Amino acid sequence: MNHFRMEILVKPRPGLLDPQGKAIHHALRSLGWSDTQDVRVGKAIYIDLEAEDSDTALQTAQAMCRKILANPVTEDFEVSIVENTERITA
Amino acid sequence: MNHFRMEILVKPRPGLLDPQGKAIHHALRSLGWSDTQDVRVGKAIYIDLEAEDSDTALQTAQAMCRKILANPVTEDFEVSIVENTERITA
Amino acid sequence: MRVGVVTFPGSNCDYDLYKAAQQIGAKVEFIWHRQKNLDGYDALMLPGGFSYGDYLRAGAIARISPVMEDIIGFAENGGPVLGICNGFQILCEAGLLPGSLVRNASLRFESKDIHVLVEQTDTPFTSEYQKGQILRMPIAHGEGNYEADDQLLEELEAEGRVVFRYVSSDGELSEEANPNGSKNSIAGLSNKSGNVLGMMPHPERAMEEILGSIDGVGVFLSLATNLSTVVL
Amino acid sequence: MSAGESASVTIPLVPPRTGDPEITSELVADHGLSDDEYERICRIMGRIPTFTELGVFSAMWSEHCGYKNSKRLLQLLPTEAPWVIQGPGENAGVIDIGDGYALAFKIESHNHPSAVEPYQGAATGVGGILRDVFTMGARPIAILDSLRFGDLDSARVRYLFGGVVSGVGDYGNCVGVPNIGGEVAFDRGYEGNPIVNAMCLGLMKKEDLITASASGVGNTLMAVGARTGRDGIHGATFASEELSEESEESSRPQVQVGDPFTEKLLLEASLELISSGSITGIQDMGAAGITSSAAEMAGRAGNGVEIDVARVPVREPDMTPYEILLSESQERMLVVATKGYEGEVHRILEKWELEAEEIGEVTADGRFRVLEDGAVVADMPALPLTDGCPTYEREGIEADEVRELREMDLAEHLIPEGDLTKAFLLLLASPNVASKRWIYHQYDTTVRTSTAVRPGGDSGVIRIRGTEKAIAATTDCNGRFVYLDPRQGAMIAVAEAARNLVCSGAIPTAITNNLNFGNPLKQHIYYQFREAVLGMADACKAFETPVTGGNVSFYNETDGLAIYPTPVIGMVGIIENVSHISPQSFQSEGDDIVLLGENTAEIGGAEYLYVTAGLVAGFPPRVDLTHERQLQRAVLTMIQEKELRSAHDCSEGGLACTLAECALGDGEAPFGVNVVLDDALPPVATLFAESQGRIVVSCAPDRTENVIRLAMDHGVPARKIGTVGGREESFHVTAVSGQIETDLTSLHQAYFGALPAIMNTPVSSEK
C-alpha cells in the first residue's frame, strides 16, 4: 500500500451567486485593491489515505466527492495527488 | 496590464484543531473508507485581478492573505497563478 | 455614563445591547461602523450578529471597518470594551484579545441556555459578581470554539484572564457542559489589563425574568458601578 | 372594460428581437400554457406575443402566480373580522393587536427547491418570507418552520433533513430573527418530496403599514438590493435547452443561493425607506421576479409600468430581456419612489452598502411595457397579467384505496403485541414524537430579547415591548389525518392550532395557510384539495380565526406518487397580559393532574399504528368543533384566573406521550408521574389514541375542585387523573388492563436521545 495526500478543490458552480466571494471582493476593494475583478470561494480539502496505486487513490477521492464532499447541485470538484510516499512497514 | 486568476489556498495550521476535518474524517470512516488517515479542511479562494506581471500579481495576493484572507494565528496560505491572459485593449 | 454600541453591517444584537445598557441607566448611543472620533464615550460595546455575514471568518471583515482604529485606541487607553459573541470574534480578529474562535466542534450552530462559572471579578464588567458564582444565559453561535496554542493557554491561565468558563448547572467542568469545544472550556476572556472583555454567551439576553434568566444583569451593573466611581 | 379585453384601438406592434426564438406551438407548450390559454393571450394582445411577452404571460399565468386551480375554492375561506386590517391579496396579512400596533404574518413554501438542494432551498424560503413581511413596513419578530420528510432510515432523507434545518437556521440566525416554533413529521409519504414551509411574523405601528402598489403616475421604479443573475429562470415551466443553442446547462442554474447578509441590509434599508416617506410602494421580487412584482404592483394601483431592462443591475454579461424579467435572484426589491425623492432612496441604500437603480416609471396607460436600451421588447395590458389568468374548477373524486385504508378493521391492533412499557418507549423515541431539540438548538431563539416561550412548547410566544401583551404562534397539520379524510383532517389542523395557542394563554386570532398537495389535475388530488379547503373554512368560522393569506404548493409528486395532502395552518393569537403566559410542563411536585375532554378508542391514523405496524389507516379521530370551542374557552378562563400551573394539548402519541412531555419539560429536572385511568377502553386506546379535544392541565391541589367546576361550567368533561411525582420517582401510568412503568432516565433517554442518535449516522446526497 502507498500513502497519498489528496488535494480536493471544491468550487461553487459558475453562474451561481457566491455571497462569500462577494463579501470578500467588497472588503478587498475597500482596502484599496480596486483592480480586483472577481472573487469566488470554495473549499480545499486534504485527505491522507492509503491505496494500491495513484489511480485507485484518485478514484477513491472522486467517490468521496460524489458521496459527501461536494454538493452535486451547486459545486464542482477537482482532485489531485499532492504527495505520494511509500509506506514504511514496521 | 495583464489579467490573472490567482488561486489561494488557506489551510488550518498543523497541530491546531480542525473540527470540520475531524467531522469529515469520521463520516468517511463510517461510510466505509477506513483507509483514510487524516482530513484537513481549508478554503480555496480564486481572485481575478489585473497586474503588470506575475510577480506583482503574486505579491498582491500574498499581501491580501496577510491583511485579511488568512488568520495568522490559525491558518497558513499558499498562492499561485492558475490563469494569465493578456488583456485585449480596445 | 455614556455607552456606545457599535453597529457593523450585519450586527443583529445591537438593539438588544442598547436596551440592556439602558436598563441599568446608561445613556446609550449607536455608533455606525464608519464613524471616526469616539470622544466622550465612557465604554464601548461590540454586539453579536453576523458582521459581513461572517463570510470569510467571523469578525474578519468587520475588523477592517474605519471605526476599529479608534476602538483599538480607546482600549489601549484603558477604556472598557465589551465584545459579545460576534463582538468577541471581532476583538480577536483585531488583536485586542488573543487566540481565535473557530467552528463549533459539533459543526452546528448551537443555541441554548448554558452555565458559566465566574472566575474573575476584577474586570469592569464582572465586579458585581462573586467569584465561583454560576450564571445561566443563552448562547447562539456557530463559531465560538476558542482556539489557542498551549503556550498561550498557559499564559492566560497563569495571568488569570479566563473570566468565564463553561460548566454544568452544578459547577462541574465537563465535555457535555462545553457547548462548542472551546479549549479549557473558555467562554469569556480579558486582555492583560482587564479592560477588554470578550465572551460568547449573551448576558444582554438574560436581563428579565420573562426571558428566562436575570443572570446577565451583573455585567451591565458592574460597568455602571465602575464608571460611576471613576467618573464621580 | 373587463380584465382580458384591451380597449385600445391601435395595437402596439413589437418587432421580434434578434436572437429570440420564434413562437411555435412547442415553445408555447414548453411554457406550460394550454392551447386555450395561448389563444386567450393572443386575443388580449390583439396579435401574436413576442418571445419576451410569452415568457411574461407564462410566468404570471403559472399555477404559482395565477392560482389557476385553487382560486375559486380559496374564495370559500372566511377572510373578514373587525381586527383584520389586510386580508389576502398583499405580501402578507395584517391584523390589529391593539395599543397602536399591527401584526403582519404570512407563510410560504419552498418544497421543490428544497428537494433539489435542501440547504439553499430552505434558506431562500426563509429569505422570501422575511421580505414578504418587511415590505409591509413591519419588522420581522419571529420565524416558524413547518417541515415534512420521508423516514429517517434513508441516508438521503437524513441529508435532506439536515440540510433543510441548517438552511432554515443559518438564514434566520444571520438576519437575527428568532425562531419560535414549527413542526416536523417523518413518514414514507414524503419520501422524495420534502415539505418546507416558513412562516414569519412582523410587528409595526399601525400607521407604518405600506402596501405594494405602483401608485402615482410619473413615480420612479427602482431596483434595489442584489444584482440580477440567471437564477431559477422559469424553474417551473421551462426546459432550459430550448432557450438558445449556446446556453449550456451550467450557465442556467436553477438553484438560487441565499445571501442572508444582504437580506439583513435590505431589511434595515427597506424599513428606513418606508419611514422616510420617500416611497409609495415596495415589493419583493419573488417568484417570477421583476415581472410579477411590477405587474402586481401595477395591477393593484390600476396603473401601467414602463421598465428598461438595460438599466437593471445584472450579475452576468449578455442577459436577455427575457432572462432579466424572469430571473428569481434573491434579496431584490422593486421600489416605487415618489418623483423627486430618488436621491433620498439612493442615500439610504448607499448607507446600507446596497445598490439602487432607476429602471422605469409608473405610467397612466395601464400597459406593462418593457424596453431594452430604449427599444420596446414587450408591450401588453397590465391588468390581464394578474386578473386575466383563467381559473378552473375541476371534478374531484376520492381514490378507492384511501377509502379502503380508512375503512380497514383495526381491532387487532388494539391488543398490544407485548409489553406496553416497551411500546410506549418506542413511541416516545419515534422521531415524530421525540424531542425536536436537535432542530431548534440550531436556531437562534432568543435574539431580539423578546422570546417568552421558545420552541418546544405548544406555541412560541413573543412579548411586545412597551405593552402588556404578547403574541403566540404555531403551525399545525397532521397529514395522515388529512390523507385518510381531507375534510376532517383539515378541521383537526385548525382545531389543534387553536388548542396549542390556548394552552399558552393566547386567544386564537387569525390564520395563514400553506396548502401542500399533489397534482391538482388528478381527480383524487383535487378531491383532497377541495375537501381540505371546505374543512378549513368550517373550522375557521367556528373559531373566528379568519384567513389573512397563504400559499398553495401543488405538484408535490415523485414518480406519480403524491405527498399526503398537507394544509399547514399557521395561527397567531394574542395574549392580553404577559402574566397569562402558561407553560406546558409540570411545575411542582404534588400538583394534581387533570384531564379535560374524553379518551376514546379512535386509534385511526395514530403514530402508534405507524410505529408498531407501519400502518396509516382507519378513520381519523372525530373533531367536534363546539366541544373544541368550549374546551378552549374553559382553559383560557382557567389560565386567566390563574388556576393552572401548566396546560398541554394531546396530539401525536396520545395521552401517554403528552404526560411524558409534561413530566420531562426541558429535560433538566423531570418530574415523576402517578396517573390512573379508569376508562373502559383497551389500554392501547386509552394511552395512545390521538382523540381530539383533550388538554392535560396541572394545578395546586387546592385549585382542583375549582378547575373541574370551571370545566363543567363550560360543558367540558374533566377529572383528576393523578399527581405530579417527585424528581426521584418514576413515570407510572395505569390504564384499566395494562400499565406503563419506567424510570425517568429511560424516559429522558427515549425522548431526548432519539433524534441526535439518528442524526449521528452518516448522511448522503446520493439518491
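Each chain carries a letter (A, B, C and D) given by its place in the written order, and its residues are counted from 1.
By definition in this document, contacts are C-beta pairs under 8 Å (C-beta built on N, C-alpha and C of every residue); 3 or more make two chains touch, one makes a residue touch a chain.
This is a predicted model, so every value here is computed, not measured.
In this structure, the chain pairs B-D and A-C differ in their number of contacting C-beta pairs, and the larger number is found at A-C. If you average the CA atoms of subunit B and of subunit D, the two centres end up 41 Å from each other. A straight line joining the Cα centres of subunit A and subunit B is 9 Å long. Between the CA-based centres of subunit A and subunit C the separation comes to 35 Å, rounded to the whole angstrom. Taking the mean of the C-alpha atoms as each chain's centre, subunit B and subunit C sit 31 Å apart. Residue numbers of subunit C whose C-beta contacts span two or more other chains: 52-53, 55-56, 61, 64.
In subunit D, the positions touching at least two other chains are 259, 261-262, 353, 762-764. Residue numbers of subunit B whose C-beta contacts span two or more other chains: 27, 31, 67-69. In terms of which chains touch, the assembly is arranged so that all chains touch all other chains.
Of all residues in subunit D, only 166, 169-170, 173-176, 259-262, 264-265, 352-353, 440-452, 463, 578, 581, 668 touch subunit C in the complex they form. Those residues of subunit D that touch subunit B in the shared complex are 761-764. Against subunit D, the residues of subunit A that register as touching in their complex are 12-19, 22-23, 26, 66-68, 71-74. Of all the residues in subunit C, the ones that touch subunit A in their complex are 52-53, 55-56, 61, 64.
Within the complex formed with subunit A, the subunit D residues making contact are 116-117, 119-120, 226, 229-231, 250-253, 255-259, 261-262, 315-316, 329-330, 353, 762-766.
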